[in-house]
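Chain naming follows the written order as A, B, C and D, and within any one chain the residues start at number 1.
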Amino acid sequence: MFGIAILGATGYVGTEIIRILTQHPQVNIVAVVSRSFAGRNFSDIYPNFGKVMDMEISEINIDALCEENDIFITALPHEASNEIIPALVNKGKRVIDHSAAFRFKDKATYETWYKSAHGMEDLLELAVYGLPELYRNKIRNSQLVANPGCYPTCAILSIAPLISRKLVYNTNIIIDAASGVSGAGRKSDLAYSFCETHENFKAYGVTNHRHTPEIEQELSNLAGEEIFISFTPHLMPIKRGMMCTSYLNLKDSGLNSENLYELYCEYYKDEFFVRVLKPGTLPEVKNVAGSNFIDISVNVDKRLNRAIVLSAIDNLGKGAAGQAVQCLNIMLGLEETTGLKHPAFYL
Amino acid sequence: MFGIAILGATGYVGTEIIRILTQHPQVNIVAVVSRSFAGRNFSDIYPNFGKVMDMEISEINIDALCEENDIFITALPHEASNEIIPALVNKGKRVIDHSAAFRFKDKATYETWYKSAHGMEDLLELAVYGLPELYRNKIRNSQLVANPGCYPTCAILSIAPLISRKLVYNTNIIIDAASGVSGAGRKSDLAYSFCETHENFKAYGVTNHRHTPEIEQELSNLAGEEIFISFTPHLMPIKRGMMCTSYLNLKDSGLNSENLYELYCEYYKDEFFVRVLKPGTLPEVKNVAGSNFIDISVNVDKRLNRAIVLSAIDNLGKGAAGQAVQCLNIMLGLEETTGLKHPAFYL
Amino acid sequence: MFGIAILGATGYVGTEIIRILTQHPQVNIVAVVSRSFAGRNFSDIYPNFGKVMDMEISEINIDALCEENDIFITALPHEASNEIIPALVNKGKRVIDHSAAFRFKDKATYETWYKSAHGMEDLLELAVYGLPELYRNKIRNSQLVANPGCYPTCAILSIAPLISRKLVYNTNIIIDAASGVSGAGRKSDLAYSFCETHENFKAYGVTNHRHTPEIEQELSNLAGEEIFISFTPHLMPIKRGMMCTSYLNLKDSGLNSENLYELYCEYYKDEFFVRVLKPGTLPEVKNVAGSNFIDISVNVDKRLNRAIVLSAIDNLGKGAAGQAVQCLNIMLGLEETTGLKHPAFYL
Amino acid sequence: MFGIAILGATGYVGTEIIRILTQHPQVNIVAVVSRSFAGRNFSDIYPNFGKVMDMEISEINIDALCEENDIFITALPHEASNEIIPALVNKGKRVIDHSAAFRFKDKATYETWYKSAHGMEDLLELAVYGLPELYRNKIRNSQLVANPGCYPTCAILSIAPLISRKLVYNTNIIIDAASGVSGAGRKSDLAYSFCETHENFKAYGVTNHRHTPEIEQELSNLAGEEIFISFTPHLMPIKRGMMCTSYLNLKDSGLNSENLYELYCEYYKDEFFVRVLKPGTLPEVKNVAGSNFIDISVNVDKRLNRAIVLSAIDNLGKGAAGQAVQCLNIMLGLEETTGLKHPAFYL
């Protein structure tokens, strides 16, 4: 059994990590840490964990934590990250972090889109973008893994085959997306109250959502040239799950949905968590919610010679906690799917 | 008071027409007709109408109906339309129809996308596309008004100013949309059951949804040249309301959101039901659900010189029943907003 | 046209009053008052009202308001009521108030259940409990109407016939209820956030909900003896609407559902907003949401000689704003149903 | 590893059993059987199971199944049960059945409430009511376990301590309940369509729901005398989960919530899946949905000397599939919690 500490354990991402790890046969939660709730039992905050995970929540005490643990998952606000992550890294600990700070190769990108100073730029070189399907080998021995954003995970994996195989033009790429409300985190905010959110649908972050440069960075890497995209997220009245609908112009007019299905199957043939759907089948959020899967369907509009790619993940699963555990398994040398082979909730 | 008969009164569109007309000060419902429920009281089928609209539902008897009424709203399946509408028109009656049959100038378009014979092609010349913001003058004296589809209403109005003023390129137009479940009508279908739909989100009709040619016809008219679009609808777990998110490449790189806001305000300055939202404000479904308004926000992504246009309507309101009543007012020579000046539900 | 000012206009009750009054043919909104949003347009706060109600929200200025208005609807927090209502009454103005302060005959009841000093006890004698079906004549000329709570409205009307006709034992009365989330008001509270509320159901205020003494006071009045009840409300994941399920032991074992149906019909024969459902038909929230109706079904369990009464209202409609407008109509000498004869939303 | 076959695998209960068993370390699914979908892969019907459970669904072939399996879980319509279960039992196989047929000691009770002939009465003596907290020892060696209904599980466990310890009067027991829509099963029925169910709440089966006699049978057993109850279920717009709110009059006026909390803790001290909540804490559906737990809170209303007991389970979990697996573990001699120690979904 490997021990792990979770810092920022009482947000929705933290709690989902704990939900997964309580069922993980080879990982043991050694500490759950949260400033807001230190001293209380985890199952007092989340009573769904009663009798399953009743551990006392502890204060952030880096020295004490570092004596007991070698690996940490952090899901903290930026300021807290700033304080804690360098300290952990300096003590030689391994970290899987959920903030945006270490996702960018270029600190300027972070500062432009997040409109604040980075402050931990010396760690950037160390950091690996924690998308196992693209960076598995780097993740394996990494000391600092930047767990990707939910939208980037859903978007990048869904069109990576088209981009990297250079089947599409790199302009006019549109990624339209919708997410459940848990993506906004656990907070008392009128905009996310039931009455303001239920029976509603709206876009947000139009032209300036912070996940845009993250998607662009990775697509550019795959393409070998700079790619700019339109990315528009929407908020939908479900708890968890998200979908991306992407539009890309095909170079070759001879390709059909069947051809691209085969290409995707081949591209992802070793990826357990990527399910390429047969032509005529489309992803649905209920088929991935609660799981670590991404479902992808690629469709060719022959009239327009355009690929329309649909992809769905659980924003808390493959988009956050599930992916973190997948990285953790890789980093610990475990079978990558350990503790993650459950089906989605559906109901 | 003007009398009106509603044929196909017990579907969701029919019932919304009745909801609006029970509050209309100058129109009187003379008959509600439905094969499925003839002989029963309307409020037995929809108990929300108890004490408000308890009229007995009648059989379709064209002769009897034509003696009492001069104007009809029809919301019928295609086969029933086929039988009834020509009969009404031949007797000199005026009809506002909700089927797709009379929306296309070219019967071939209908037959290609709907995969069935048209059968009423001789009426096509008579028909006017019932979008008052574009065809008000034709609607006024029309005998046969084809009430537009919900998605086309939401999409066309949202980008008409850009297309008709020739500010955008007519290629690479993407319209991504999501609708509430009432758009599928009132039916016992597993796919629309609560457990299969709630906490879910999925696309449908990818590359081949029937509203595509309807949108293309009207945009082409506005552009003066043939336009093809990508249109992808999604099903979201709300009862009513829809949103379109459209992407168009601007020709002139000097335009910003403020400029386009002014253009839209000017373009729609006489349109009561079009609310152009100030830059920085985005439409939300709850702001239009239950009303006849369309809310539109136009945003320029300066990085990409692309307009991202958001628009929201109630699929049963401006997308169906509200629009039908708006047409009805015009046809009857009434003030166009009569009975339609209520705010959206919000809650 | 009568003028009216609404104080506390931007809560959910206030906004629903405004929604109803914008459609009211004989009442004119003269002022919408809110401390939080003074100076802004009402439709900036609730964009669903754009082009329908764009009036600027004003500060509370009692002198200015009293010069323009003779009648006020107040939906304010207790402290604000304390300050404002006595001032209005002293200037001879008429008030329909939504707080609990004036609902009790006995200030001690208020202080026991609300755990705070009353402070306006000298107004209690003036106050009339604003349930038109029980107190229409007193409301007509009242200067101060205490609009009832939502649960009390739903509960009292549903069992008043059984109690007042002395058909049931006055012990062992159980009222089990569930409400939509709008009953909690418009607030940023984690407990009412979407993710904490959706796909959830829970009881609250078990054994001590503040609506208990209000129900007991009115039932005791009807019975002519003191009645104590069990009242348990639950929170359900819908926006608006509520239901009460009440259990009462019948004295006479010869009564069946049909007999009680007739009794209810007779008892409420002049009440437009009370719909007594035929035996075999049960209320549903969607049949009353958005309306001023209460739907009631009374069922006899012959095995146990017990009446099970189901009743549904819109907590914001007959449970708050609709009822206030009904009282307003009575106070102004208007036809009681004016502006309130719309069907429920259903969809 | 033990093998098991699931008959009626594609309903919501069947699929939840499979969801649990795919994570069960000591049970292996040998066959999934369904008439409707025989020949297709399970994950074609439920794509959430893709890569987790892709087994082909087989026809019901009793001889073939009996060669491979010794234990069966059946979730079949009554007619199919009638045909299959006697055949399995006659071949010496063990069965955990989800129908109502074997839940009653007295076939007359079944026939009265279910209004159809029983037809398998000779198996009644063999059958054990599969509520482990009450019948663990009988279940262990039983050949035929009748898995309890969801409402009975939630109701019986919540008040068993009060009844069996004779702390309450056995008259005037009220059980008011609400369930998510999955309780109605997977079907194309207008009444359970999204638009008819969402934002709605209604009672059903008032005075005559079939779970009434099941609850009464078990409470009578515990009391040692015949008990009759009022039971009223409601349908609420959530997918899974249910709650019971029960009212019982206490004999002894000296008891408070703390006393009963201790009693319950003591009564259920060996029951892993029963979580007795501390006074002041109330169950919520989200804390049990997706799990095999039942959360119970017992509250004394000192004013009325009445106990109000709240209990929540997942209707598909402890109310069906989870409980079946719990019985299965007992029957197989496994640790009872195997494969069932996961927390509820919460999100």
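The definition used in the following text is that a residue touches a chain if its C-beta (ideal position, glycine included) is under 8 Å from a C-beta of that chain, and two chains touch if they have at least 3 such contacts.
Model, not experiment: these values are computed from the prediction.
Copies chain A and chain D of the same chain sequence form an interface built mainly from equivalent positions, shared numbers / all numbers used being over half.
When the contact pairs of A-B are matched by residue number across B-C, C-D or A-D, over half of them reappear in C-D. Computed from the mean C-alpha positions, the centre of chain A lies at a distance of 36 Å from the centre of chain D.
Between the CA-based centres of chain B and chain D the separation comes to 46 Å, rounded to the whole angstrom. Residue positions of chain D touching 2 or more other chains: 12, 182, 195-196, 198-199, 237-240, 284, 286, 347. Residues 12, 15-16, 19, 22-23, 46-53, 182, 199, 239-240, 272, 275, 277, 281, 284, 286-288, 290-291, 293, 295, 316, 341-347 of chain D are the ones touching chain A in the complex. By the touch criterion given at the top, residues 12, 181-182, 186-190, 192-199, 237-239 of chain C touch chain A in their complex. Against chain B, in their complex, chain A makes its touches with residues 172, 174, 176, 178, 180, 195-196, 198-204, 206-207, 228, 230, 232, 234, 236-241, 243, 245, 247, 249, 282-286, 289, 297, 299-304, 306, 308, 310, 312, 347.
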